């Protein structure tokens, strides 16, 4: 009996194995296609739509950053916007209030490094202190609250709820990111690069360690990994990525607001990722696009019900389909495969 | 290869292991059997360093290891496979092996792949006959396959001595056989020394090397399983038990 | 459904920024979504492309698109209502008379949600997607300042209905909102004469109170009064006991709060619990705030604004009747009135210029005037802000007609200190 | 500075009510209810609803705990128990639930803010000093309820059962204790306490569906500082945060008071992470 069972498992495995390698190729192909598609949009779309698409990409990056932390290492950050907003404010302030040399590169680099530093300090202190899971989530929430508070009340620096504007164009030597289209192309380029890097990360041995830490921390440690180190490194990288997303937001929107640091925006990031599908990187972008686009199809009045619906979506994701939309897609695929397999077996 | 001489382990008044002498040669597969409470597991824990012996010495290639911390002993090449499977259910077979293979590297160095380790992971998958299942989530594996994966994950750390705690517990006959076969040629191919605590006499026959019978913390007898089976003493000890 | 969201800057301020309860980022992003509404359409329209400008080149009969940015969602729904209805009333009145230059006005209302982030998106949608060439609206300073940053480069005039701290001067910005010199500067001397000379200032921590208090302090010095204390509180404060305690300690003759709406009401309520003897004075208290309070608490609060519902003139009577009939709500506020005026002035300006072309229209708007519900107002050609009536009123209860006007001045000319926005350096 | 002291205590009183609910739920079920702030809000809105009905605040104050307790019970039955032993998923689920409740309230009551009259306008005088009566009432309520809760969790055989479940759920069940029942009871109680806090706080604040997060965050501070281990610890935490807030915001700008407390809590959790959420013995 069991022997046959195993044999079946092997057969199944062969197919799955195949489909995986196929998927991998399909995946990289899709990435290239997506990149090309994004690149040609401005050729025919209106400025308004271009701006919109840019936003979705930036949001997707933020969600992908959360995916590294939540999806892969299993630590939920309830205040992820803190890093996004910090990146936006850092580069925004540099561009708006200083006239240092190498303004552009400086705004970009510091906009990434400072959030990363915050992430490193948080992760370092908390993870090495065994503060994980729910407590960690709560702390991230509080940090996001504090930063928004400060951004609002430090008028002299941030302009408070007035927000920050009057940024100089983000310029790198000869090429400057100023007009909407420039901002859009910049975002596309950076997004694609960021995605590829993130993909390489999760495929790397570290990526596997991230999975291992999530699934069974003790066992991972027994294999000789410092789980705290793994989490800290990943969280720092994620913070940097979120910061980068924030930096990209500046040339696109030309405004920075306290709310971009806050719990509300953090929650949106969670929603995008959870609904798009955790542990996939792609899901982050999928979620960001679907949710925002979905809202757009509803009128002002219905918009509120849409917000209400996101609450339901979260519950569904938790109770029914942990892998969100991608999970649904995958299930459909599996079902099809099972049909195929069935017919083969019958033959 | 691995030697215990006059090992005694007391828990308060209770003497769990009472002066055991026992020596395993390189490449040998030694099964340790005995009725419950014979001290098998205690002896095991002494060998791995989980327990410090009250008296006596444990030698690895003539070098004392008793009293050393667990991970040091592990680094010296003594690997232990626990009875309860601890594979990463959500990860595929290959991923499990890669995780095991990359253990002990510094986190940042993990960003780049170590070809040698990656190849080793795949190689060992071949070795334990999981090459067809590389893409399968460990959670979907059959019981026997999980045991193979466990063994593979232990092997990736390239041990010299392998201590297995009831590797076939709860397996079907077929699964048990395949494991036995696997362990045999692992031993021969990699000159692995193995110490196996086992109840299942069928399995022991399949492995079919020397057997140490423990009873009341002492070595009752030692020899080939055919002798052991014939022994009246062992019969008496095992009265009511499977043999 | 008594509620406080009515015409009050504050509630919107609180919404726009209050850090901890900011669930409304949802609405904010809902805003994002709504703008995304046009993703599909823009793709379709894409090939057709082209600017269907609502502006100058429009044939007779073809509707003229007028954009309106109004805070509809969120916790000051009531402001949104009064602003939306008032705008619609004005548009209807004009269309009933055949529209502007024979073109009916088509009103496109977008929800700015009192949130700069959304407002900017909506402004861009109105201009880039709907192709409007004239926008009325915005409530809170944060939104106004942000939207101006969009409309000015796009060369689209923005007509603001809200009293604010001043400082916005550019070719494409008009305002029916009172400037400090039309609201604060006349108010403070009246206070020092009739109420008291020692002041305590407490405001929410952002540009509008900072900017306004800058004027108050100046005026108090001029009038020989003293400032006993000045402090700013964060948004979403639920407990003012510490602040109130400081106030009691200072024991001023005049307490002058500019605490943003929702928080403001919390402040008035909690203050009522303590034995405060001085007078309560604030130019931010509208009829809408009153009905958020119980009668005893509301009683005695002194306010000052260009418009109160009790202002007695035919224009106002007609306006209120239409409003209460159309909206079913008793309260219209100075913002609603401001929008009503803005739309009418826009139409008059266009008729005067004989064109809807933006540049001509701007010239046309300078110097136009009409009998608004608050009294006669005229657009000052230099600052492009309107002249204003000025009323001081004392609350006798918490109803829409509970204000009792005790002092009035008419047609005060605007004086906007152009350049930097006071109160912030950023 | 008697006033500052009382200000602090009255704030502490409310925080204690909210936080204790969070604490007992976590203590028993290891569940952190991110919708706890919405329990507060639900309490507040049931006062609003009953006020529209009866024209009096008192009905709401009395009934709110039962209403919210009931809601809590339903939530436990329908949601929480499905997620037992899945802490992260519980976080996400309760977070989603909080959105659901909040937006639901907006749809039902309208997004606007509500104001109720303060039912006790009298002031308490002694010597030259006088203090709002309602705040005194608030402190009084909190003390009584705290005492009741402490009694319930120490001196009753319900307490014994709870302890048993906390220490060895399986054993407790083997001994015939219906652990699921205990869970329901405690979760409902926790919700009810938050509801009560919301109810008594309503007249003092301007209510809108967003207030919840504010009190959730505050009670996290309390829980971090006091720990959920012992109820007394939680109460203590509330007092520390309450007084700390009152004095700091009297001395400095309120923002800095807030930030200071947040930072303090974050550092604290690093220094004593284990102790902070320790199980009760």
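Labels A, B, C and D are assigned to the chains in the order they are written; within every chain, residues are numbered from 1.
Note that in this section a contact is a pair of C-beta atoms (placed from the backbone, for glycine too) under 8 Å apart; a residue touches a chain by one contact, two chains touch by 3 or more.
Since we're looking at a predicted model, the values are computed, not measured.
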Most widely separated chain from subunit C, with each centre as the mean of CA atoms: B
Selected interface, A-C versus C-D, where C-beta contact pairs are more numerous: A-C
Rounded Å distance, subunit B centre to subunit C centre (Cα mean): 79
Subunit C and subunit D, separation of their C-alpha mean positions in angstrom: 38
Geometric centre distance via CA averages, subunit C-subunit A, whole Å: 38
Length of the line joining the C-alpha centres of subunit B and subunit D, rounded to whole Å: 53
Contacts with two or more other chains, residues of subunit D listed in rising order: 99, 103, 111, 213, 217, 253, 255, 258
Per-residue overlap in subunit C, given as positions that touch at least 2 other chains: 20, 22-24, 26, 73, 205, 232, 234
Numbers and ranges of subunit B residues touching at least 2 other chains: none
Complete list of chain pairs which touch one another: A-B, A-C, A-D, C-D
Residues of subunit C that touch subunit A when the two form their complex: 13, 16-17, 19-20, 22-39, 42-43, 45-47, 49, 72-73, 111, 115-117, 120, 124-125, 128-129, 141-142, 145-146, 149, 205-207, 210, 232, 234-235, 421, 423-426
Touching residues (chain side subunit A, partner subunit D) in the complex: 74, 76, 78, 125-126, 129-131, 133-135, 137-139, 141-143, 145-146, 149-150, 153, 263, 267, 270, 274, 304-305, 307-308, 310-315, 317-319, 322
Residue ranges of subunit C in contact with subunit D within the complex: 1-5, 11, 18, 20-24, 26, 73-78, 205, 231-234, 236-239, 241-243, 245-246, 248, 262-263, 265-266, 269-270, 272-275, 292-294, 296
Subunit A residues within the subunit C interface of the complex: 44-49, 51-52, 55, 96-97, 145, 148-149, 152-153, 155-166, 253-255, 257-260, 262-265, 267-268, 291-300, 303-304, 306-307, 310
Partner subunit B, residues of subunit A touching it in the complex: 1-3, 5-6, 9-10, 12-14, 16-17, 20-21, 201, 204-206, 208-209, 211-212, 214-216, 219-220, 222-226, 229-230, 233
